[in-house]
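What follows is a set of structures for review.
In the two assemblies presented below, subunit A is common to both, partnered first by subunit B and then by subunit C.
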Partner chain A sequence: MADDQTEYVFRLYSSDKHAKMQVLVNDFQAVLEKHFPGGYHVELIDVLSDPDQATEDRVFVTPTLVKAHPEPVQRIIGNLSKPDEVLAILGILTRETKKP
Partner chain B sequence: MTGQRKARAIMSKRVLVIDDEQAAREAFVYALDDEPYAIETAASGEEGLIKAQAQRPDLIFLDLRMPGIDGVETLRRLQVCCAEVPVYIVTGFRKEYVSALEQAARDGLTFEVTDKPLDDEQIRAITHTVFGPPKTFD
Partner chain C sequence: MKNKRSDDKSLGQLQAELERLTQLDRDWQELFDTVGQPMMQHDREYRLVRMNRAYLQRAGRQREELIGKPYWQAFPRQQGPLPGCRAALERGLESSSEEFVLPSGEVFVSRSYPLVEPGAAPTGGIHIFEDITERWRVAQDLDAAERRIRTIVETASDGILALSLDGTVLYANPATATLLGRRQDELVGSHIGLPITGEGITELELLRPAQPAAIAEMRTSALEWGGQTAFLIVLHDITRRKLSEERLHRINRTYAVRSACNQILVTAQDELALFQGFCDHLVNTGGYRFAWIGRARQDELNSIEPVASAGQGSDYLERVQFTWGKNRWGMDPGGEAIRTDLPIIIYDIKQDRRHLLWRSEAVARGFCGLIALPVRLEQQAIGVLCIYTDTPEVFDDEEVRLLEALASDLSFGLHSLRDRSARAEAESTLKIRNRAIEASLNGVIIFEANRPGPPVLYVNPAFGRITGYSPEEVIGRSVDLLYGEDVEQPDMAKIEGAFSHHRETTALLRNYRKDGSLFWNELHIAPVRDTAGVVTHFVGIINDLTEHKRYEEQLEFQAQHDALTGLPNRVLMQDRLSQAIALAARRDRKLAVLFLDLDHLKDINDSLGHATGDRVLQETAYRLNECARDGETVARYGGDEFVIILPEIAEALEASHISDRFLSALVKPISVPRQTLQVTASMGAAIYPRDGTEPATLLRNADTAMYRAKELGRDRFQFYTAELNLRLKERLHMRNRLRRAIDQTELELHFQPQIDMRSGTIIGFEALVRLRSGNRLIYPTRFISLAEESGLINSLGEWVLQVACAQTKAWQNAGLPQVTTAVNLSPRQLSDPALVPMVERILKECGLESRFLELELTENSVGRDPQAMGHRLKALKEVGLLLAIDDFGTGYSSLSYLTQFPFDKLKIDRSFVNGIATNPQAENVAASIIAMAHTMKMKVIAEGCESAEQAAFLSDHGCDQLQGFLFSRPVPATRAEQFLRQGKRMNIPIQPG
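Take a look at the complex of A and B:
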């Protein structure tokens, strides 16, 4: 769970909780751990099981990644299979930090 | 890819909208009217399956609740004939709607879901991100 030390909080909305999406969560966590060790929380939410949470987060399509913390809340849709690219679009990783 | 080649690649993309409500079909046509995609519509699951097999769309928006074969059954048949085509089920994010899809997900059918109704900007954003890079949306 997120706590006071959590720098970033993400919710990944999917139409299933199959292994593919869990792999994607793991991929995001790996990139975040590299740049913000211990300072993130990524939650996978199945909209079929929890549609109310999707509505609360103003999600209108799967997949959507919501950056819930810090403000401002941001939502990104589309192909989320490249965490580096997604986090760069959100402005969390710059081109410089993406370099190995 | 050059700009011209990219434009040709996008122009060749075909979008199929399957919905029994004329207003819903027209909403997609209107939203994507100025976009470089070929839009086709179908008023039933049966018609949608015929068009999907004949025209091989690159993206399908599929209504869930339709007379005749419903969205879930249409999805099952689409994944036999056109498994590689991304399908977005257009439904409301309410338990009574999405619960119909839980069994489909358990059965291994692959699909995405959208809220309903979608506005023009949301329709364009979804379509653009199917064929292009991810996009932030406020």
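Take a look at the complex of A and C:
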């Protein structure tokens, strides 16, 4: 989980049987690392092996990306394959944003 | 026209007023009529007072018809006034409005305005009708559309949601509730999240409490919701499609596994490779998470020993103890599968309550579903194939069926591997046996049963060595091949019985090799039965007893033969002699026993040693045996004595002649080490029956004769009977005479004329040899056989031929009529290869044309060896001379037999000619011979013609020539010459009658 230094905390809920989501996590981390080096945490949660966590977090669908920190908590569902776009929708990056 | 209060006014005024009112009324009416909507005015009683054109059109009537009628009889037609109209009139309302529907479906609004005078009751009302059908319909449609949309949304199978821009649910239809496993009101206000669909559609998994996740396609679009922008989300459930896709995929993979595993079935060399191959393919090709195969052990624990595995989680096998016993450890699915011999399927291990012991270990390794399939060998579960999935609920019927088939394949593979190794063992045993059969010294034959013959299917190499037949020459044929024509054998029935009754037998047979040689075959025949007990083949073992037989024969031979010389010994000789006597007695023939004793053998033994003596005995024995003819027996009697048995001799003196053959065989010196020896022998003969009828007597007398020969000076021959010796002496004398006669021309040639039956003239002579003894002539009958025996015949024959040809030529030279001279050839002469060159030489020396020489042969001389004689005669014919067959009718040959030889002339034997006029049968024969000879283009001459009757008969039957005393005896050449010179001829008699 996130420690105090962590600027952004994401949880990616997945029910993917294969390694696709881990690849996506890696992609997110790569983008975040570019913009916020060290200041992020991306957690992959397998809802099949950890269904209780999903219920607790009121995750209804997978994939769901939850920006758990900072407030406000935001969720994105659906096609998360483009981290840049997703982060832009969340308002973390602007579409034109390069490295701050 | 309602104003009737003007009676106080002047007429003019009234007139004007009336006109104004009429005008007003007209204006009103015009105004009314210009309005497009139907209008009418009715009185208090609802009777029509006024109506416009549109109303009349609607009512479909004329104004005049309607005035004063209640409006409901015109428009709208109904029972009584419109309810609103009536209410307005009765209650004094300002107006009323109401809708009504015509039977046509048209909808109208009627607005009615009561006509009211202040303080008084309404006097009537005015109605304005408006057709609102269209408007009404639109309103109706809008209403229905809204309801419809609501229904669609509410009943749609797709989930439909409205989300606010922060992802909060504003609306969710019931399908959404079902898809997400929550109530609609639970969902509204929930924070689902901002939807991103990327290229239009994205796939989501919908998580629902206590249910498997659903899979949905999500579409999004913008929506105005309560003045705000919102997301409209549509979720389309594709769970089933996904599952069936996945299932199809999995089944395809399972098929791929099966086909890959089938390869393993073919290639696996051992069970471990087979098991490992199956596991590898299940994981690598089939995509299963883990697979393992365990073998059921028959130990105390009934443990299952994992023998192969593949995939993630192989340490599972180390952590879990598997058994198939019915105890608490045996409660694992693999054990259960073995125990029950049924496939055990667990769709979701996490939900499984039955196999608690191993569940956590399985879950920890990501195993979700499991199928455990028994592996069978000979109908019995001997192991288990366990396959794990990483998703639950994957085993449907199709996949289970496939995996069961796979387990059967594995069972089959196991079976065929074991079978294969068993077969390999059997094959190697078979190979050894084959090798044994191939290498066997006994001939082995395999016959195909149940086919006539039965035909040979196989023979081993020894068969070829024994019989000389190659497999190709024998296979397919019956064993009869080995019998040849020797089918009358005692054990033949045994063989036939073995084949026909499927029995085992051993038979001793005389069989024949390819080269015709005999071998003794101890043939053992045994039927071969198949598993059903049906005889399919016979095996025959040939035991070549020839060696054995030969040994037996050797023993027998040794018992009956002399060891030194190999000749029959005294025992066998006496046996043969007894047989020969019996035979001669039966046939009334003579036989001779010759006793031969080597001269001076004792001296050789004494001076040169016994080895040399033995060598002489062996060589003597060899030579004697070599010159023995068929039927003659040469035996060693003992010491230096030999006995020769001559069966069936024609006359006693023949024995003397034959003894010459044996004695002359000893003339050639015998080679012994360092020198050659000339040996001689003395010989005595006893003749059956003259000198005895018992073997012992004959032998003793022969021995006596032999001693006499020794006394007379050795190297000679003696008969036992003095008279025979005398005759022998005479004969020797005769031979010497003959030899001298030939040398000293004491021979004379006489000529007997041959007469042409048509002209009666001499056309030739038969030359006949005579031996002159002083004034006496000796005829050939006395010396020809002697000449033949002694070999003088060739010299004699040559002399005759020489003289005959020379004489004939001399007559020709003397200008006498040309005649043919016939010369007799003895059988021995004919068989002499030097004959043809000799004839050619003599003809040439004499200068005689060959056509004037005729050679006469007896039937018997060609009958001996027809083929060789045929060649000889042909060669003689090629020289150009004439050939005549002599003494025809006395031999055994038929005329047709003679056609194969090139004879020109046939001489009827004198015995038939003699019978003419006295013996009708002889006449018949003579006549037939003449007729048949003519059909074969041969001339016919009759010899021995002595009477005119005979000549007449012959002439009458077409005989060409004759010779005989009737015309002339044989005469010396000078006399014959006279005949020719005189032109002597015969008057051919005519047959009387």
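The rule is short, and it goes like this: the second predicted complex is superposed on the first by the 95 of 100 C-alpha atoms of A that agree within 3 Å, B and C clash if a C-alpha of one lies under 4 Å from a C-alpha of the other, contacts with A are read in each partner's own complex, and residues count from 1 in each chain.
Convention: a residue touches a chain if its C-beta (ideal position, glycine included) is under 8 Å from a C-beta of that chain, and two chains touch if they have at least 3 such contacts.
If you're wondering where the values come from, they're calculated on a predicted model, not measured in any experiment.
Contacts of A:I89 after superposition on the shared chain: both subunit B and subunit C are touched. Of the two partner chains placed by superposition, subunit B and subunit C are both touched by A:R75. Using the contact criterion defined above for the overlaid structures, shared-chain residue A:P63 touches subunit B and also reaches subunit C. After overlaying the two complexes on the shared chain, residue contacts for A:A54 are found with subunit B and with subunit C alike.
On subunit A, the surface touched by subunit B in one complex and the surface touched by subunit C in the other have residues 15, 47, 49, 51, 54-55, 59-64, 74-80, 85-86, 89 in common.
Note for the complex: subunit B touches subunit A at residues 88-89, 93-95, 97-99, 101-102, 105, 110-115, 118, 122, 125-126, 128-130, 132-138.
Residues 15-16, 18, 47-49, 51-52, 54-55, 59-64, 74-80, 85-86, 89-90 of subunit A are the ones that touch subunit B when the two sit in their complex. Against subunit A, in their complex, subunit C makes its touches with residues 166-167, 180, 182, 190-199, 202, 204-207, 209, 213, 216, 218, 220, 366, 390-391.
Residues 15, 17, 47, 49, 51, 54-55, 58-66, 73-82, 85-86, 89 of subunit A are the ones that touch subunit C when the two sit in their complex.
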